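What follows is subunit A paired twice: with subunit B in the first complex and subunit C in the second.
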Partner chain A sequence: MKKKVGIIACSGEKLLGGTLSRAAARIVVKKLKPHDTIVLCQPLFAAGGLERHGGQQERNFAKEHPTITIEGCEELCSKIAVERYSGPVAATIRVDEIMKAHPEFKPKSREDLGKDGLKLAEIIAEEIAKKVDELDKQR
Partner chain B sequence: MSKKKGYVIPCSGIGKVFGSIGRETAYIVVNELAKDKADLECLPLIVKGKKEVIEALKENKIISIDGCPLKCSYNNIMDKVGRVDAQFMTTDIVKENRDLKPEPYIIPIGENTKELSKKLAEKVAEKINELLENKVEVE
Partner chain C sequence: MDKKLCVLPCNGIDKSLGVVARTVALKLIEKEPEMNLICPVLLNTSDERYETILKESNIVIIDGCMTRCATKLVDERNQKIFKRIFIPAMSKQFKIKPGTNLELNENGQKLAEKISIEIIKELKASEYDEISIEKKLEEFDFYEITVDKYYFQVPKDGYFFNENDCWVKPNGNTALIGISDYLQNRVSDIMFVELPKVGTEIEQFDDVGSFESVKTVLDLISPCSGRIISVNKDLKEHPEWMNQDPYRKGWFAELELKNFDEDWELLMDGSGYFKYMKETITKEKEEMDFKN
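== the complex of A and B ==
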């Protein structure tokens, strides 16, 4: 049976990139690759008292399945969390780089992406979906 | 007047609407209800242990908002900072307002979800005022 790919968005609440990463992750798991992907929660990787709070489940999944992290900024919080607790990631998508590549789309704000922001989230989601396909071919 | 701020840290949940209520609540607090007294920080950055962020939190009041019993925000802040001054659960505001059933979709969020977020934001803003005026004991 084909292994699902874990999608881990940075989800940073303070940044536009975090909002875009979250929206893109949702588009991938709900629309583009619903049978091939699952969302993992970044903060759960490091939740204090893992046995009590459920983070071990996320860590184990990422140890046994390929993961794609979506990063809203240069801090690479998701990649660092996965590599610290589970192992190497299969791919990393940088939202800030995709934003630079598409200056024609100007998201409204971190609170409300607006029409342009949603379009950009779809472009990011398509990049993630391409990575999922690539990983599938490698397996 | 106190120069301290109240840092509002919502969980990064992206799977269900309860995480969205937390984020929307935080945005209403920092943008409208307590914009001179409150600030926001990325939970993933706290999880990563970014020094400047941890230091800023230690010097100010901290309010966690969580969307599920795993309490990623509360637990991660406790783990990295060692203190949370007030904690809120978005599920509580849903229970208190049975007539406002949150819509299941999260991009964009629905009208009931917005309304619930406003109600929770009022409580959070009130708590920030209390904390900054030292009217409440630290947890």
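== the complex of A and C ==
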């Protein structure tokens, strides 16, 4: 059985990159690579899961599966969290860098990405999907 | 506002309830710009950023689902709590279901708006909530399996299961019934329950009530026959107990057993059900891989 790839988005509350990272992660998991990927909830990763279940599900998943982090900014919160609780990450996607590379798309706001923002999320999602394919070839 | 306040939403990504939590927080800071927003992700990786704010503020915690991540992040600190919000409970209070879509629909937006208004009202009244502490229950042994990031438990002793993933726990001539950990995992966050009427006579495999999650509505199929002698009324207020603790606090109803000696023949014990559940999970996973 092929191991799924974990996708963990920064999900940051305070910045546009967080909203874009959430949207891109959803596109990958629901649309582009639904059978190859699984979304890891970053807050759940940080807080630990249900005590009854040992509180480590998301963290254990990232220990045993390749995991791609999607970072909204230079803080690299997802990477730090994965390295702290699980181990090295398989790849990191920088949303802020992709935003810089596509100045033609101007997302509306942190709350509402708007048409441009959604297009940007699609572009980020495609980058993530490429990484998933690369990881697949390496295995 | 006399006191400084900050808000910490769970900000969950994989459930609509987490998205509602996030939206409530964003609406709060829009309505009360002096309120500080705490990002749970940044708080976890770099909490010194929030040191001063947290020291000087009371906090509004917003949890989207029963794993209560925001609460866990705060409980590690000695933080003054102004209000704890649990989105499924608020959904019930306002009778608004947010749906399952991760992009909030009209109802999800409406729910977030109503919750934010409710919080602001309480802010103005400056009333402090009591923090409830859940009672620890006895521990018992489980069979356990992890699939991807999901974790499933089956009690080793004392419980019997039907193929509908419902359990019965007999005790003399009475028994408790409920749903398995596997079923609660599949349906996700349970938000409403419809309990049976006390006194109802039921046959084995009859529907004895229903429960509704963010994903679906299902009937609980009784593993045994008998007469309902009590129901877990607390589930009306705390349907999430069926997710959090399906084998204990999440019990659904109590029956006076009618014919358990015969009913038992069509049930599986913990070991048998664990094997059955593992086969089901493996089959589901293989089907998913095959589609791929």
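Simple rule for what comes next: the second predicted complex is superposed on the first by the 131 of 139 C-alpha atoms of A that agree within 3 Å, B and C clash if a C-alpha of one lies under 4 Å from a C-alpha of the other, contacts with A are read in each partner's own complex, and residues count from 1 in each chain.
Going forward, contacts are C-beta pairs under 8 Å (C-beta built on N, C-alpha and C of every residue); 3 or more make two chains touch, one makes a residue touch a chain.
These numbers were taken from a predicted model, which means no experiment stands behind them.
Peer 1: Taking subunit A as the common reference for superposition, should the pair subunit B and subunit C be classed as clashing or as fitting?
Peer 2: clash
Peer 1: According to the stated criteria, A:133 is in contact with first (subunit B), second (subunit C), both, or neither; which is it?
Peer 2: A:133: touches no partner chain.
Peer 1: Based on the superposed arrangement, let me know which partner A:112 touches: subunit B (first), subunit C (second), both, or neither?
Peer 2: first
Peer 1: Just to be sure I read the superposition right, which of the two partners does A:97 touch: subunit B = first, subunit C = second, or both, or neither?
Peer 2: Neither subunit B nor subunit C is touched by A:97.
Peer 1: State whether A:41 touches subunit B only (first), subunit C only (second), both chains, or neither.
Peer 2: both
Peer 1: Is A:12 touching the first partner subunit B, the second partner subunit C, both, or neither of them?
Peer 2: both
Peer 1: Classify the contacts of A:4 with the two partner chains as first (subunit B alone), second (subunit C alone), both, or neither.
Peer 2: After superposing on A, A:4 lies in contact with subunit C but is clear of subunit B.
Peer 1: From the superposed pair, tell me which subunit A residues show up as contacts to subunit B and also as contacts to subunit C.
Peer 2: 9-14, 18, 22, 25-26, 39, 41-44, 46-49, 53-54, 75, 77-78, 80-81, 110-111
Peer 1: Quick one: which bits of subunit A touch subunit B in the complex? Just the residue numbers, please.
Peer 2: Going by the criterion above, the answer is residues 9-15, 18, 22-23, 25-27, 39, 41-49, 53-55, 75, 77-78, 80-81, 110-112, 118, 121.
Peer 1: Tell me, which parts of subunit B touch subunit A in their complex?
Peer 2: 9-15, 23-24, 26-27, 31, 40-45, 47-48, 50, 70-73, 75-76, 78-79, 106-108
Peer 1: Within the complex, which stretch of subunit A touches subunit C?
Peer 2: Going by the criterion above, the answer is residues 1-2, 4, 6, 9-14, 18, 22, 25-26, 35-36, 38-44, 46-50, 52-54, 57-58, 60-61, 65, 75, 77-78, 80-81, 84, 110-111.
Peer 1: Going by the contact rule at the top, pick out the subunit C residues touching subunit A in the complex.
Peer 2: Per the touch definition, subunit C meets subunit A at residues 9-15, 18, 22-23, 25-26, 37-46, 66-70, 72-73, 102, 146, 148-151, 153, 244-245, 285-286, 288-289, 291-292.
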